[in-house]
Amino acid sequence: MTHLLFVFDLVLLATLLGLAVAALTSPDPRRAVMLFIAFGLWLALVWARLKAPDVALAEAAIGAGLGGALMLAAARRAARRGTDRLKGRKSGADQA
Amino acid sequence: MDSLALAIGVPLIAALAAAAFPARAQALGLAGALATTVASLQVTALVWQQGSLRSEPGGWGAPLGLALQADGLSAALIAMTALVALATAIYASGYFRPGNRPREFWPLWLLLWTALNGTFLAADLFNLYVNMELLGLAAAALGALGGQPAAVAASLRYLLIGLLGSMTYLLGVALVYTAYGTLDMDLVAAALRPGPVAGTAMVLMTGGLALKAALFPLHFWLPPAHANATAPVSAALSALVVKAAFYLVLRLWLDVFTPLVTPAAAHLIGLLGAAAVVWGSWRALRAERLKLLAAYSTVAQIGYLCLFFPLLQATPPGTAREDLLAALVLMALTHGFAKSGLFLAAGLVQQSAGHDRIKELGGTAQHLPATTFSIALAGTALIGLPPSGSFIGKWLLMTSAVQTGQWWWIAAVMTGTLLAAAYVFRVLGQAFNLEPTPRRFLTQGRTELPALLLALTSVAVLGLAARPLWQLLQPGGAA
Amino acid sequence: MSLDSLLPASILLSSLLPGAFIFLVPEENHLLRGVLNMSGALLKLLLVGVMIWGVFHGHVYETRLTLAPGLDLVLHADALSVLFVTLSSVLWLVTTIYAIGYLEHSPNRSRFFGFFSLCVSATVGIALAGNLLSFVIFYEILTLATYPLVAHRGTPEATRGARVYLAYTMAGGALLLVGAVWLRALTGPVDFVQGGMLTGLHLEHQGQLIAIFLLLIAGLGVKAALVPLHGWLPQSMVAPAPVSSLLHAVAVVKAGAFGIVRVVYDVYGVQLAASLGLLSVLGILASGTILYGSIKALSQDGLKKRLAYSTVSQVSYIALGASILGPVATIGGLVHLVHQGIMKITLFFCAGNYAETLGIHRVSEMNGVGRRMPWTTLAFSVGALGMIGIPPIAGFVSKWYLGLGAVAAEAHWVLLILAASSLLNAAYFLPILYRAWFCPTPETWPEEQIPPRRLETSGALLWPPLITAAFCLLAGLLAAAPFSPLEWAELIARREYGL
Amino acid sequence: MSRRASLAVSLLLGLLTLLLLWVFAQALAQQPGPRLAELAATELPRSAVSNPVTAVLLNYRAYDTLLELAVLLAALLGIWSLGAASPGYQPAGPALEVMADWVVPLLILTGGYLLWVGAHAPGGAFQAGALLGAAGVILRLAGHQRAGLPSESSQRLLAVSGTAVFAAVGLATLAFGAGFLTYPPDWAKWLILLIETAATLAIGTTLAAAYVGGQPPENPEGVRSR
Amino acid sequence: MTAQFLFGGAGLVLFALGIWSFLVHEPLLRKLIALNIMGSGVFHLLIATAERGDLPPDPVPHALVLTGIVVAVSATALALALGRRLEEEDPDG
């Protein structure tokens, strides 16, 4: 039983680290933020497992939720600017 | 009444009032500044009488609760903060033109002040983290207040670097709590056992704070942030905010991690300090803008303060060590007054000339005699010429360097002094030209006087009447 | 706090406070500025008179302000300080009158006179400094206060000259500071004590003491214009004439020389300095400077430049006197502190008069000027002849005592130096006098600004050189009278040697 | 950053991680026993709440929390100082609007519940405030320019209220001689609830306003009073 | 103890990953994600050490982390606002 729990813990942590690495290495801002939100929610899960429900709740609501929402808005702007610039460059190329 | 809580509560309440009623923010802000000054000076007065103060908000006491604590060192810095911040507040009330007065200046200003007092009074490692975040956020927000892209970009960088620093600091705190089960500074100091855990915690916390204190080579963020903010904010950032982080390094090394401060560690800080002195002064000499010059000079001045570490380490407890510590505080205070005076004066020059390029400041400098005079006085203190407080500081620093056999620091001090003379007089030389004679000494008292008084304090008061500082720093109080 | 302890501070404040107020005086308010200037100068003179009387009768005047534990700012009146204080306050009064006349229509007078007063306050502080720390403090303040005076005109040459001046004096100040700190760390507080504060006890640190001496002398030597540290002096000739007078005769150069005297007599003690072999180092430096300055002066056509090199040379007589063991040479050096001051200020006043009145800046333009400006030229002649050492003018007295002292100390080479220097002095001054008095007057002057009326130039410009020229004569003629510079120098020497 | 430099950074950080792990093991080995857990538990009855985390946040270390609210306020003031808010998104489709109509009241209700339950079970002002903020975010996403926030002056009052009530309570206890933020035992429960309520409103307002991201348009009274 | 080390160690790894990403990546958003993950690492370490097996966990680190989360989100919000202000000034930057 404890072994099972241990394996469960390991999977939890491995997923957590995996999400972190994915969030940190993703070059696409929107994707990175999505992964970050997933990371935060997963972190909340891990904390719930560590008997810290207050903090888990706060992390899910504030860290992942609102922090994620703020970043997502920024990521959307960044993505929009990226495509704008791409378009601008293309139209410039067309003119030339 | 708990004067420690008031020194934090009064500016906080004033900040809230100014935030809630933006139409009256300036009046509320000025009244709050005055009240905070009174509350802060009361702390200093009580420390003067009693030697040290401690209070426990919540009434639980360490280790479960939090504590506020003041000794001579914190009282001296609180008093400096009060005077500099009050003068700067008066200046700010005349500096911002009614048309473009930033509405959020006053509440943020008072929050900054709350955080400064909170930092100087904190006795709990985690509470310090919260204070530093308040300080960092308020400072970054104030730095961006002008809205110029350069200022916003520099503030953003400052904010991010500050966060990196506080996260690193917080990891150190987490290690301390893991190993010792308490966050109270005194209790940690009592439980501390030299070893890898304490050493790593010290390195992490010092490293995080060094980033915020702009200790060479972690100073890179400072010059743009301090040079691009509006003048009152630059003054506070350079004179006070950087000092708060430095104060924490000093506090941790002196009072918490005492057994870990080895000659090698202290020498490392000293070496970085020497590098900061030379590099900062050199860059100040090469700076093309007055405010950038002042900002680089801050890097150098923090370096001087670091030179005290190896000397303090090598001096056994006693009068000589007390003198050295007092000299360190004296230099920090002198720099606080001088640098704020310099930035305020530079702000007036910039406002009058429309720019602050040193080479083109001639006419302006001559038309604002009082402001040029402030720059000269502040410059005197920055060079460390008599009768400024930093002259005494350097004198004691060098005496101790000879006495402890670490004469090489003298070379750094003298190099810095000569470079400082060169950069200060590069500015002052502009004031002598063939412009027509100004009619009067003072043109706009509300802004020129605070700058002049601050600069004058760094020279005349701290240079000639610094003795009370020694009494304040005495463990048992002066009275 | 007794009145005795207030006197030194009052002497300092009598110029410092008026100076601080002058900065605030609106530019056009000549009257208020003049009143502040003159009342400060007169008050100072009065207080100095009291002090002379008291010190002569053995009173101790000391103001002590603790800057930090163990660091005291001390103003202390002994015979040596009184000599320098008197010189600077008398000449300040004269120079103030001259400067008011000289700058009558020029801009930025409030700034000028503010720093002018500050400069004299610093000089008085140097004179009265009772320990090395206080000396260093006032020495640095003097640097700060003179910089704006040198840069005052604001022309590119003026700012360049000021920059050079600053570079030299700051570097010198740094050396002095390091030396002072080192000595302080070695021995504790360095009070000036007649006969020297270092004792045989300190001989165990012989090597360090020699190094410290060299640092101190190098630091002081910059202001005293010892070759090769003299480079700033000719450059700072761009300053207005009253400033040049002040730099050369009253404040800066004198401060350096005075500091050397202090270090030799009251810090190391002349015996210890001699036994460490330091006096001969100083003597060689001084002799070299005397000859070098005179030779350089020969080839200068600019009148002020020639006077500047003459200063380089003449001031080193003071150091030379200090470097020869024995009371007679000491008297010669000390009395030259005063004599060189009054003679050189006369010459600079006159040079200023020529420039202001007729636009004459060069020796080659001085043909026949004696007929156009006889009084000025008369004063100039007195100063120049005194410099050469013609009796009965003051300069003769100094050289005479220096020579006697050299003979007494069996340092015969000094006689050679003195003779050579006097010849050179004659060689660069006599041609000027010849031109002025005997060459034919040209048809027009370079730039005549003040037409001849009842006086040859304005009164405020004419009286000061006449007064100082009279001093030169009187100091020589009445050398044996009580309270003459010579008598006072003898008093100092007696006290220093414990005779 | 060049490839080589980034490789060097990675390598160094890898080493740092190993070092930190080793140190962390050491730190755990010198376990100081229960740390503060036992103490917090024994004092819990005196703290007037039964959720130990709430006890730490609002009683033992209430001063920390006060400053934390000030940090939140500072961030909002900083955001406001940068100028007016940019216009929000285009009005969302009817589906989102319908969803908002359902979700927002639910969030507010849950927030209220969390606030109340915080005294003895997981929850409290921060979680509750966060839900209010989330309600604001959803409103804004659904096309409400102001994310359901009131006028500028009310926004300011609300944002300030958390810190203000907290500090006022602290100064009041100080004035009555009990010491800063030292609640009298009889009042403690209600004072904590008062603080938490104000904090919830302030946190909700602040987070929603931060999401709107700019100075709210000035209300007419504000214009007149200048 | 093992669990504490395991979970706390994961926190340290998160911290290091965060620093790495902060130093290596330039865009503001990525730096902010990095900082937040760094912070999460520290928080995670604190939560891990608070866990005490069958005993109720230590509430003090929990409260510290709660405070830390709010502080982190405040800083993130301010940084994003500053970044947006820069975008407005320089839409291409």
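Labels for the chains are A, B, C, D and E, by order of writing; each one numbers its residues from 1.
Keep this in mind: contacts are C-beta pairs under 8 Å (C-beta built on N, C-alpha and C of every residue); 3 or more make two chains touch, one makes a residue touch a chain.
Predicted model, so just to flag it, every value in this text is computed and none were measured.
Shared contact partners of subunit B and subunit E, listed by label: D.
Touch-path distance (fewest steps) from subunit A to subunit C is 3. The chain with its Cα centre farthest from the Cα centre of subunit A is C. Of all the chains shown, the one with its CA centroid nearest the global CA centroid is B. Centroid distances from subunit E, each centroid being the mean of CA atoms, peak for C. Looking at B-C and A-D side by side, the one with more C-beta contacts is B-C.
Centre-to-centre, using mean CA coordinates, subunit A is 38 Å away from subunit B.
The mean-CA centres of subunit A and subunit D are about 21 angstrom from one another, to the nearest whole unit. As a whole-number value, the distance joining the C-alpha centres of subunit B and subunit D reads 30 Å.
Distance between subunit D and subunit E, defined via averaged C-alpha coordinates, is recorded as 16 Å. Taken residue by residue, subunit E touches two or more other chains at 8, 13, 15, 18-20, 28, 32, 45, 49-50, 56-57, 60, 62, 64, 66-67, 69-71, 73-75, 77-78, 80, 82-85, whereas all remaining positions touch fewer. Residues of subunit C found to touch two or more other chains are absent.
The set of subunit A residues touching two or more other chains comprises 54-55, 58, 62, 66, 70, 73.
The set of touching chain pairs reads A-D, A-E, B-C, B-D, B-E, D-E, using the touch definition from the header.
Against subunit D, in their complex, subunit B makes its touches with residues 1-2, 5-6, 9, 12-13, 15-16, 19-23, 55-60, 63-66, 102-105, 107-108, 111, 114-115, 118, 126-127, 130-131, 133-134, 137-138, 140-141, 144-145, 147, 152, 175, 177-182, 191, 193, 195-197, 200.
Residues of subunit E that touch subunit B in their complex: 8, 15, 18-19, 22, 28, 31-32, 35, 38-39, 41-42, 45-46, 49, 60-61, 64, 67-68, 71, 74-75, 78-79, 82-83, 85-86, 89-90. Of all the residues in subunit A, the ones that touch subunit D in their complex are 53-55, 57-58, 61-62, 65-66, 69-70, 73.
Looking at the complex, you find that subunit A touches subunit E at residues 9-10, 13, 16-17, 20-21, 23-25, 29, 32-33, 36, 39-40, 43, 46-47, 50-52, 54-55, 58-59, 62-63, 66-67, 70-71, 73-75, 77-78, 81, 85.
The touching residues of subunit B, when paired with subunit C in their complex, are 319, 323, 326-327, 330, 369, 373, 380, 385-387, 391-392, 395-396, 398-400, 402-403, 410, 414, 417-418, 421-422, 425, 428-429, 432-442, 463-464, 466-467, 469-470.
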